[in-house]
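What follows are several structures.
In the two complexes that follow, chain A is the common piece, with chain B as its partner first and chain C second.
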Partner chain A sequence: MTSVIHDIGYRHYDGPRLGRGYAVRSLFVHNLRAAYGLGRPAKAKIMPFLLFAIMLLPAAISVAITAFSASAGLGKSLPLIRYSAYAVYLQPLIAIFLAAQAPVLASRDLRFHVTPLYFSRPLSRLDYVLAKYGAVATALLILLATPVTIVFIGALATEQKHLDTHTVQFLAALGGCVIFALVLGGIGLVVAAFTPRRGFGVTAVMAVYLLSSAAVASVQGIAESQTRFGIARWAGLFTPFDLVDGVQVWALRLKQSAPEPPPSGLGGPVFTLACAAIVAGSLAILYLRFRKAGAQ
Partner chain B sequence: MSIIATRGLGKQFPGVLALDELTIDIEPGVVGLVGANGAGKSTLIKILLGLLEPSRGQASVLGLDTVRESVKIRELVGYMPEHDCLPPDLSATEFIVHMARVSGLPATAARERSADTLRHVGLYEERYRPIGGYSTGMRQRVKLAQALVHDPKLVFLDEPTNGLDPAGREEMLALIKRIGGQFGISVLVTSHLLGELERVADHLVIIDGGRLLRSQAVATFTQASGVLAVEVEEDLDKLGHRLVEAGLRVHPDGRLLLIDIAGETTYDVVRDSVADLGLALVRMENRRHRIEEVFSA
Partner chain C sequence: MNSVIAYITFRGMLGRRRALLLFLLPAVLLLLSIVLRVTGHSDLDTATALLMQFGLGALLPLLALLAGTGVIAPEIDDGQIMYLLTKPIARPVISTTKFLVAVVLVIAFGVLPIFVSAVIMNGMTANLATGFAAGALVGGIAYCALFIAIAVLSRFAVTIGLIYALVWENLLARYASGAKTLSIRQWAISVTDMITNATAVKADVGTATAVPLLIVLTVAGVVFAGWKLRTLSITGTD
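And then the complex of A and B:
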């Protein structure tokens, strides 16, 4: 073996070209990996993996306590965390994850003008937006569904009573996780896509979450003190976690975890329509945002 | 077969007519697209990529219509934008592999072709480091690599020498020549510097204000102009008089005499006159047109 690098000349590629569907999948995978800092320097992995680990802690602790109380023969074992309540209880953590990682996906390509390279390939602008949205939603789904699944495995391992009910509740909660992922992902991407600098994006996503939560909580407090419970319940429409919990209660027949349930009667359908509108609206806004960017 | 053909192409932006009645046919090879900033070069490339729809007329690339078959076109062409377009936190290898996959190459082929292409553009060990730390020259190479990694039939290079130092410019021009020659990939390269493209292109398209000024082979721009340039060490005037007496049309031009070539005999007359006068002949050459004359004319 010699140390000379031989120039073997240019070789043409005559293998398969897998086209648009494959291009979209490749972009989806690339963005999903980026959401967890994979394929990037170690620094980019710290935040997502730290948040992911913290997210798992309550599930692990809950299972450990239940297992311990059962084995210690305390007579009545302590219940596990409710599957559908997990996202609502841990919402600040989820909001931080979204605030930290949505700008990585939404604004980096705009800030560094990478979009022309994508749009000069066999992708449409809608494909591009769908791949981004899918990646953010999947990243959130992994964050939300993993601890819920750990709790369910804990329920199976500690042989909880009524395992059939557990299974139904777990599956319904997974459905809830999908809705959470879609609604939160849409809001996070849209806010981040309009703030080209990452720091602003992080702040903007956090601000939307904190302001909406604070505003809704104070409206609900005032409304309840005046015994106007209808207003308190409708207020849940305006903060993403209460909104999706309302859909969990109405559409998935799960127990309420947010401070207020959705209003009876029209409440459930309106909350569900609002979620659908957020998903469709986010896609439309992102499409317009990136279409403009691609034409520059 | 034309690789690029446009018919009466026009693009109207609000308040600006970017392209106007542009009809061109371009054969395979290296094609230079020349024009001042704002002449419509980038707009033309975006229409050819199917990213902008023309307001009037039509265009085809590799025989495919830019409006109806743009996805197919984008599978077969590469594009290097003028401006910076690289994410700083990825390594060149990671980024080029990703771009190859988005162009439709399966995972294994994407890795192999990325390694090959980065080597061809001249990026070696540094390709594993994040792009954020690269020099302008290295970034231009990464931009070029992403345009070539899927082995396109045609690449659009928008101002590839922009921002490079003279040595970097030379290297980039040499690379472009290799892409068109050794690699066998047709190139449409834009520049606002004519002299640069004169050296690498086979064919030049010159546009100004969205309109076509010229479209012709470089060889015809620089063909013999029918003028003979003669330089002697001294007594230039004496030679001049002698040639006029011999019936030739002579124009002094600094240290040179420019002589209209009347026929094969002109060379003999000049040779004999120089010999008779006992002058030292420095050079005698056929004058070629320079492309810059297109603009001054």
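And then the complex of A and C:
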């Protein structure tokens, strides 16, 4: 008996193969859009855009007040919000945005067991993780940098004094925004990737932020009243916003916005190393998490 | 009150990884208070600061959010609630049972640890422990009622609850003191202030305002959840 392979008319694909780079880029763009609810139902757009709008509000108000006080000639014009302090002042909003949107990117693929579909493409595990991380960090950067840029445009429009200092400070603050985005995005994605159930991931990300900041704030308050300033300063290491602000102070030479500056001497380098460790560590954890994700 | 629903809800809350977070949250508070006690910094002012900032400010809203939305929101999300709603059980009974489960969880993982933490730091001095336990209890019940009402109303219950707890009670209350009048945390502090003699506990809202508002919010939340559950529609966004 001989067997024959019948040609039943299936056609194979002759078109261009776009390859790995294209797949990574597509995944990045898709996730970045998903972070703001674009390409998803209207209900998914409400939260990110609402938070984005609230985030812009203080910048707009600050510019408006400064412009008004300058034009009304109230003697001295009121200063604008400091560029590098914006993220620190509005940290609850940023944390809520991260908590609400990180699970959208990290949990859904796990919950619906679709990662094998991604990994059957010419896309490595690391590419997948990098695309997700990049998308979260970019989404956060948009959230953080837009209001800062509005304030800077306001400074240009109202012709503030020392515009060159403004420009330097603005650029340094943008650098700070990048560090904020990378550190926060890493923490948010890792926590969300381990809590695939809907709603729970949001609480888990929030718990990490709220517990660390509340614990550090209490420790700092208590250490202050006991005049143990060293402990109060080192405590900032354990909450993301104080940590990144420490790097801003040390590496970018900006004024401190968190309640405590980083410890002098060894403090700055240690804070910077901690940031680097969080970014590298979360990439490693995410890689390990998604490596076997399809198996369950 | 329906014991089967209560049992299933308890199992759903404690049987998953969610339970880990429930244990982790109070553990941080207890750890901090033990450290303070051992290092000898646990005077009345320090204890008050920790319990106010960490206990009532972070632990309680977070736990109530976890419990209040966790008892019902996942079931609404994946449609399992239909199997419950099609049984001949009055809808308000379902929501009230779930509310009571949330309250029990908040008492076990929030109110008790706050009480124990206060006792660790100060014993029973100045009624600090009883005061904070009472404040956490009424605050926790009100939070649960609010969050369960939001959970039935919207699929973004957790985010909305967070915006209330963080932006309204934290950020806004710092700059606009009027926001404090409508803040569950301030009502809880007010009840604490009534019971304890510690001078560091200063309420911004009088008990005459806080207690009626607490009762109104709790009743309204539970009634609304039961009423809203009767016309629930199940649609997905994912």
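Here is the rule we go by: the second predicted complex is superposed on the first by the 280 of 296 C-alpha atoms of A that agree within 3 Å, B and C clash if a C-alpha of one lies under 4 Å from a C-alpha of the other, contacts with A are read in each partner's own complex, and residues count from 1 in each chain.
Assume contacts are C-beta pairs under 8 Å (C-beta built on N, C-alpha and C of every residue); 3 or more make two chains touch, one makes a residue touch a chain.
Every value quoted in this text rests on a predicted model; they were computed, and no experiment measured them.
Engineer: Contacts for A:15 in the overlay, against chain B (first) and chain C (second): which applies, first, second, both or neither?
Structural biologist: It touches chain B, and chain C stays clear.
Engineer: I'd like to know which partner A:39 touches here: chain B for first, chain C for second, both or neither.
Structural biologist: It touches chain B, and chain C stays clear.
Engineer: If we overlay the two complexes on their shared chain A, which of chain B and chain C does A:26 touch? Say first, second, both or neither.
Structural biologist: first
Engineer: Once chain A of both complexes is superposed, is A:69 in touch with chain B (first), chain C (second), both, or neither?
Structural biologist: A:69: touches no partner chain.
Engineer: After superposition on the shared chain, which partner residues are touched by A:108: those of chain B (first), chain C (second), both, or neither?
Structural biologist: both
Engineer: Where does A:120 make contact in the superposed view: on chain B (first), on chain C (second), on both, or on neither?
Structural biologist: first
Engineer: Is A:93 touching anything from chain B or chain C once the two structures are fitted on A? First, second, both or neither.
Structural biologist: The answer is second: A:93 touches chain C but not chain B.
Engineer: Applying the touch criterion given at the start, work out whether A:199 contacts chain B, chain C, both or neither, answering first, second, both or neither.
Structural biologist: Only chain C; A:199 stays clear of chain B.
Engineer: Which residues would you name on chain A as touching chain B in one complex and chain C in the other?
Structural biologist: In the superposed arrangement, which is not itself an observed complex, chain A uses residues 40-41, 44, 108, 112 for both chain B and chain C.
Engineer: Mind pulling up the chain A residues that touch chain B in the complex?
Structural biologist: Chain A residues touching chain B: 9-13, 15-20, 22-23, 26-27, 30, 39-41, 44, 108-109, 112-114, 116-124, 294-295.
Engineer: Where on chain C does chain A make contact in their complex?
Structural biologist: Going by the criterion above, the answer is residues 16-18, 21, 24-25, 28, 32, 36, 41, 45-46, 49-50, 53-54, 57-59, 62, 65-66, 69-70, 73-74, 77-78, 155-159, 162-163, 166-167, 170-171, 237-238.
Engineer: Which positions of chain A touch chain C when the two form their complex?
Structural biologist: My answer: residues 40-41, 43-44, 46-47, 54, 90, 92-93, 95-96, 99-100, 108, 112, 194-195, 197-200, 202-204, 206-207, 210-211, 213-215, 217-219, 221-222, 225-226.
Engineer: If you look only at chain B, which of its residues touch chain A in the complex?
Structural biologist: Going through chain B, the ones touching chain A are 46, 49, 51-52, 71-72, 74-75, 77-79, 81, 83-90, 94, 98-99, 101-106, 109, 113, 116, 120, 130, 146, 150-151, 182-184.
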